[in-house]
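There are structures below to look over.
Each of the two complexes below includes chain A, the first together with chain B, the second together with chain C.
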Partner chain A sequence: MALSDADFDNAGRPTRRSVRAGDTHQSLLRYRRMLWAKIAFVGSLVGIVSYLLIDVEPRHNGGGWYGYTLGTLSVLLILWLTMLGVRKRLMTPGRWSLKAWTSAHVYLGLALVVIATLHTGFQLGWNVHTLAWALMMIVVLSGIFGVLAYMILPRRLGSNRDETTEAQMLENVADLDRQLLDAAQPLESDIAVFVQKAMEEDAFHGGVGRRLTGRHGGSATMRALAEIRSRALSGTNAAEEIYDRLDGLLSRKRAALGRIRAHLRYKGLLQIWLFVHVPLTFALLAALSAHIVSVFFYW
Partner chain B sequence: MSFTIRYRSRSAGGREIVRTSRIDKDIATIGRSPDCDILLSDLGVTLHHATLTKSDTFRVTIETDKNLPVLVNGRTATRADINARRGGSIRIGQHLLSASIGEGEDSDRIVISVEREEAAGGPEAERLFSLTGKMPGKRISAWVFSLLILASCLAWPIYSFYEYRTTEERPEGFHADILWISGSMSDAHSNLAEDCQACHTQPFVSVRDGACLQCHTDVTDHAAAGRMASAEPEPGRWDGFLLAVSDTFNRPRRSCASCHLEHEGSGRMAAAPQQFCADCHGDLDTRLTDTDFANAHDFGRGHPQFRPRVMTTPGDLSGGLARYRQVSLDDNPREDTGLKFPHQLHLSQSNGVARMAQRLSAEHGFNDALDCANCHVPTADGTRFEPITMETNCQMCHSLSFDRIGGTIRTLRHGEPEMVVADIRALYRSTGPRRPMDFSGMSRRRPGDVNRARTTDRYRFAQRTRPGRADGAIRAVFSDGGACFDCHRVERVDRPQTPYDVLPVRQIGRYLHNGWFDHGAHETEDCGTCHVADSSDSAGDVLLPGIETCRDCHGGAQAGGELVSSSCALCHSYHGEDAAPYLVRARNVRGQRPQQVRDYSGLWNRQRDRRRQGR
Partner chain C sequence: MPTRPGVKVADRYRIAIIGSGPAGLSAAARAANLGLSHILLEKTDRLSDTICRYQKGKHIMATPSQLALRSDIPFEAGKREKILGLWDERTAGHSVHVRLRSEIVTIGGEEGAFGIGLADGETIEAETIILAIGTQGNPNLVRCPVEEGAAVQYTLDDPGEYVDEHIVVIGGGDAGIENALGLVEDTEQRNIVTLLNRGADFPTAKAANVKALRAAQEDGRLTVLGETTASAIGKHEIVLDTRDGETRIRCDRVIARMGSAPPRAFVEACGIEFLGPDRTAFPKLSPTFESTRKGIYIVGALAGYPLIKHCMNQGYDVVEFINGNSDLKPADEPLLEAKFRHLPISQPVEHWLEYLGSKARILQDLSPLQMREFMLDSEMHFYRKGAEIFAKNDPGSSVFGVVEGRVSVELSDTDRSLTQAIEEGSIFGEVGLVSGRRRGATIRAAEDTICIEIPRMAMLKLMASAPAAKRAVTEISTERQLLQMFGSGLKSADLAEVMETAEIRDVKAGEAIITEGDDGIDIFVIRSGSMVVEKTIGTKPVFLSYLPAGSYVGEMALLDNKKRTATVRAAIKSEVIRIDGRAFRALLENKPKLLDRARRDMAAREELNNFIEAKKDSFSSVVDMYSSVASFLIENGMGEATDVLLIDENLCIGCDNCEKACADSHDGLSRLDREAGTTYAHLHVPTSCRHCEHPHCMADCPPNAIHRGPDGEVFIDETCIGCGNCQRNCPYDVIRMEKVPPRKPGLLSWLLLGLGPGPGEPDRKWIDKRVPEDTAKVAVKCDMCAGIRGGPACVRACPTGAAIRVAPEEFLSIARLKEDTF
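Moving on, here comes the complex of A and B:
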């Protein structure tokens, strides 16, 4: 059921009626009717307009009262945004809603792009100052990726796994492998090799790239299946029953692996941005320190 | 003869242990209770959990009790058929039951393998399904990145600063503090780009004037510091706040770097904006009540009339210096350079001067009449004009020749009245009077000796008195109609040998000493556009154009349209140096700045002074 304004009171909290109706979930992006989006938008707009109106001689740069003001604002924003990592680990009752905090984190992070870029005065070069700016941009872009991933992927993740748990997925494959082992006992060694390879195949092999793209190249299960089918079709083998059984097992293993891989892909995409977002935030803090110290060192 | 149950388990060493039992009926019960056919000792399994029914040789049906769904081939079900030939699995709690067709003595049975699963899932599965193992850890990469950046962008530059702290000049090459550069250096300072310490001498101390003055040794102050301070307007609240902040951060006021901003990109450093000048000069007289400067804030809208420095007297014969006065062009100033020179007469198209110009055109390249360029030659930099000299300019027409010996013409020495007197006397002393025509025997004469005797007497008299005639000639030269008097002011002096002297002539090389005018930049214009010389009948006229003439083309800093935008620095130098203002230099070819302005005022005295010094 879609939410309407009637479901929230003036402060943007869900009303009792909507809570009763079970509509307690409100996306952090829509928190309090996008209050923080509005604040961030107004802040960015003020930044852009003042940038255009205020005449800095000879041209806009990070210095001067305007440049230093933007810089101070940016560094305070960055420090506050970083504090989300601390905030989310604290159990705080009452007003300090984590959802509010995260909503503000997303939108103020976007506003930071505007403010900090204005602080550069669009003077970029190969130096520590631009390094800090570039790291900030990468951190924010990875954050945007994360928000988009959280908007799009969970639905696909859910529909893919179809109420099975990860443990069940693993067991399923292990189970199939065991059955394959049993079923393959009577096979000649030349074809048993294929089944052996198929049994050894798991969904976790390969690096990050393979996991995120979902491209796994040649699959041993597929090869074994093709081999079994070609032999069954040629009708050279009398052990039709075994092939029939192996065909079924391999097909199920293929499906099980496919599901795990899709699951891994979505899960990876939901996680990967944090591997950029978090370490580069700390790199940004380091670059920011170097940036500020350097400015005052060569004051 | 229906089911064979194989209980599989593993020993601690990993060896597989299989226990087999056979059930000879087509229905087998599954549960935790000991009376069940397939016993699963698992608390997650009820006493009687499900029932297996063999429907034909290779097909079994599982049906669970009391709506307890189990996983059949990975799917939840309360009732399912399993084809034992294709294989199938049933998960009940932690037990996995796999169905298959029996072999050998069990060939007509369905084999159910029962295996207790190791506890899968948990942290192990969590790790498998996350990216944790695939990516470097967040914590470790955060540390690595941060430390790398701190080491390379903070520690290393600081080290390089202290490494060369005591060195006069850094060696060329990469120094880590270049990573801190906040923008390209201007062209003039580009050679310092690798040597941050050339200017940033102290850590955490902003660039001080001392660093600039290391190289810029000849920069003069705009005005005395005290006067500068009192000329500045009282800062408003906002400016006061900004000043307080910069004081807090130890930024000196009124330093070189307050106006000359570096690291703003390559190219020339930007000139200070006009407002910088107008802040003080817009209403200077309210704070500096004794100032000679009139208020100015914009050339187009608020700039006083030009006040050239004109010569009021060229000096005197006793070595007195020329006197100057700064006077507004609105006050119709007159000047006295000591010279008589009507421009009108010389520039006429139709008088004797023009005729003479035509006559001498082959020799001197004149046109049909004289024009400005015949006498006024631009200096090498094109800014101003070479001084006028008798020898190169006037003497083209105004000859000082007085005698001819053989083919050589003797001229009077210009600028040296004593020599003029001496030369004339020598002429009269060394030459006789012209011999009378009737003096020779061959000539025709009137009859009678008396006439001859008279002629002889007259000639002798002439010979005797000839040196005395020099006085008259000298007097004539220095008097009205004489060679000197035409152009110079002659005064009688009490000196027996040389009773005349000539008042010195001094020329003005530059009228506007606080402003800069570059003639070269205006060569598209005729001289007459600005200088109304062809109607000036006196050398006393100051032939400078007023500000209105300039404003025909030049507007203020914000001028638009056809007008040339002209801010302060187009004509004025902040540091009062005798060189072109910044904007003029910026436009001209770099380095084309006059080393010094030629001083014309001593020109007249030169020969005499040299001789005196020689003595």
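Moving on, here comes the complex of A and C:
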């Protein structure tokens, strides 16, 4: 009995679909051998060369057929780049991949700097037209920060996390606080105050600045630890065991706080630029509308 | 109780009944009622010793429920004590003549004048003998080494006797399950109980028992280890061989309930022949329960019927037969008649059963009585020529046997004329036994055909109780696997010699089937599980490649006449077919096309070998890295995965867009947890379905709602009843039990108007507010986005390329070393 591959007896092992959309192990920057980088580079090059070759009288100013072409191209690019926000959130079926979109978003966004700047004809001033250009530049710069963050931070985020989840990290801190409360019961009130303060310190202590820089020097946990150690050394206390236990717990709390703060810091840095990138994109769209309307109404 | 030891009532009894279990009691009561002179001989000093030995307070079930009870003694489900009391009372009421403490030593004489020699020297004369001794006196023993002094027992009288013990119960049958449940019933006893089951399912146990066991497991009252066997028993420890390798747990006592076999030596000494050579084979019996020695009748468990109701019916029937009532039909007759009524051939049930036994290979060694029981679960079908039996991709896990006629398998989706015949006596659909895959091909009747359809559980039960049936299924599926694997126009006949040498071997996780530097030339085909190939470089084993089930290995030494060049060991518990190298070489010599193929396969492997050899100095750290990453993935279930989601933590920005996309693509519930799971060398295995080769979740799904789709995805269909068995069975925790939330407002309403919870899984409060409290939870798991254009949403929605889906054989190939994405 000769059966073909299509047959029913295949030891229970399925055949697999061929490679699916975006399903190769490549980063967004290397997607399809940097296809979009090449397209963006060629596009920018064409822009620069044509800018040099085409003679616009009296000088390049964003107007005329050439200026309008660059302008239109820039607007279309900006609108398309904005659509990434929708694409990311709209989970429709189809052979698209967000990685491909992001790859194109990054490289075409860089090309936009060239195209839109050529559109200005380097005539910058204190007006709504230059405002649109400036906003665009800030959006792109924040985007570059984002790409750098995406390149550098994930591995640190992963190493720091070391298989624990955010919820587990928080639970770990809470658990240490419970143990501290137990251990601190026999303490005199003058030292108990330090432990109390240490227990009150949570991962979110401090503002956005501290969150992003990771500078949490002089925290209550550190002070309590220093106090415990100095007293243990000076031999003022017979209850060595309690001090040892507190020393251990506080050290662990310091480490646990360190880990979750680093975690929040990396996550913060991976997101903070979006707080510039996205709102300024909307500001850019508004300024752009003003720019276009003013150009056509008051020309 | 009228016991009169030593007093002979008549010169010669009409009937001597040996054994006072349910069958013997029922027979004696019938004989008493008919006024036949009789004697009931019992070895111990109480009636129904086996039932007495059931644990205290045990609830005895009355299955099969559709079967009517036919006996002078009542029986219905209830507590052990109540049933025994009732029986004692009725036995007395019927003036049954009992002789206790009467162990039989010999049976001499012949029909009409038997002499039964007892252990106390007495001889009892009888015209006919009914042997109803059951099988409990001959339990299957543990076969692994047992340290001296270790407590191993085969019965459990009173679970209340044991306190504060770590007890391991071996056996997934009714006895094992009931013992385990009895031991944990009273939590005050603080016993820590573990039940070992050889398979993943419990085919021989009653459904109600399995349900109770699952409930106890869920409450954490006991531990159930599936696909596990004991490999050594110590005084305070037991060594277990699990799916993933060896493990040890504390164990003060082992209760082994692995079934029992007929006391063959004694029965054979009585001059009675058996159906086959297997240890568990039953005696040959006529439809009136007469054995091959005229005048000796056999009923009950020894006849192959372990259920109490069957035994009692048979006790009644056999006395009627002996008394000359030849018209009496067995109690299940009407049920069976209904099964055969719609077939074109009309013949009595008895003939049908005989006919089935003679036609279908898997039913060959069953006694007529076993056949009857088996038929209660199965269905007969008649198909006109050309009728479709099942279509490709139909759900279904039953096995079909061709009783008469012939069926054809359609080999191609487009060309219906490309077919392959399956002949009378063979089976089809057996793939459903190992995995719940949908039907892989359309099958039609090639002529007018009669088939028997056997549900999956009944088939597993048959294979568990009839070794011959298991052998037949194994042989048929082995042959099909070999034919399919080697392809190249091979026919069944070509394989005859190879099949003769083929043997199936279980391989433990980590065990080597081929060792580098050895001389063997045998070929191994991986039937289930998977293997890793390693080569020793310097002193370290380096991972070369991964072999999934359905591939073969070992041909290099055979073709080249060289020593083994690499070691092949099992990644998880596996099953291989070992084929004798010489027989395979003979096959290759006759089939040049096959030889070509083998040479091509070998060339690819040689290239890989050479690559490693070449790289071993310059790139040793790279090879090391690769090798250790491969080991990590195997440890994390890649060994049995068919498609797994991996996250490259060098790229993952933690945006959780994969989870959001998953939720938005499937009813608003995410089927993956990105952050949880293990990580090695920046390669993260999140909690999400691996679509195992032999899915553990499928093992025990009451509505049979878990299937494997055409692309290999394991999915749960809408018939899920929310029992949670799959969630418990999954070793990777990837199944959630959740209430399905209502549809949320669209993206634009959220973006512009702030309506709804936005992309991703809504928070629990949002769901709870909108879903009625009494809504049943259902099991939720990844289906690889089957039916969604574009494929898995998690991968499509990853902005950086961190999320990838891979099959292990693609990912774990050394070719990856040449790429620098790693």
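A few points about this structure:
By definition in this document, the second predicted complex is superposed on the first by the 270 of 299 C-alpha atoms of A that agree within 3 Å, B and C clash if a C-alpha of one lies under 4 Å from a C-alpha of the other, contacts with A are read in each partner's own complex, and residues count from 1 in each chain.
Heads up, the rule we're going with is that contacts are C-beta pairs under 8 Å (C-beta built on N, C-alpha and C of every residue); 3 or more make two chains touch, one makes a residue touch a chain.
Just so you know, these numbers come straight off a predicted model, no measurement behind them.
When the two complexes are overlaid on their common chain A, residue A:Y150 makes contact with chain C while staying clear of chain B. Residue contacts after overlaying the shared chain place A:A192 against neither chain B nor chain C.
Look at A:M34: by the touch rule set out above, it reaches neither chain B nor chain C.
Using the contact criterion defined above for the overlaid structures, shared-chain residue A:R178 touches chain B, although it does not reach chain C. In the superposed pair of complexes, A:G268 makes contact with chain B only, with no contact to chain C.
Of the two partner chains placed by superposition, only chain C is touched by A:K99; chain B is not.
When both complexes are overlaid on chain A, the residue A:L141 reaches neither chain B nor chain C.
When the shared chain is aligned, chain B and chain C each come close enough to touch A:E166.
Within chain A, the residues touching chain B in one complex and chain C in the other are 163, 165-166, 267. Per the touch definition, chain A reaches chain B in the complex via residues 57-59, 61-63, 65, 123, 125-129, 131, 163-168, 170-172, 174-175, 178-179, 182-183, 204, 207-208, 211, 241, 244-245, 248-249, 252, 256, 263-264, 267-268, 271-272, 274-275, 278-283, 285-287, 289-290, 293-299. Interface of chain C with chain A (complex): residues 409, 411-413, 418, 420-422, 428-431, 434-435, 437, 439-441, 477, 479-481, 483-484, 487, 489-492, 526-528, 548-550, 642-643, 648-655, 657, 660-661, 664-665, 675-679, 682, 684, 693-694, 708, 710-712, 747, 751, 758-759, 788-793, 795-802, 804-807, 810, 819, 821-822.
Interface of chain A with chain C (complex): residues 1-17, 20-28, 30-31, 86, 88-91, 93-99, 101-102, 149-150, 153-155, 157-159, 161-163, 165-166, 267, 270.
Chain B contributes residues 71, 73-74, 76, 85-87, 89, 91, 96, 98, 100-101, 113, 115, 117, 120-122, 125-126, 128-131, 134-136, 138, 141-150, 153-154, 157-158, 161, 177-184, 196, 200, 203-207, 242, 245, 249-251, 261, 263-265, 270, 272-273 to its touches with chain A in the complex.
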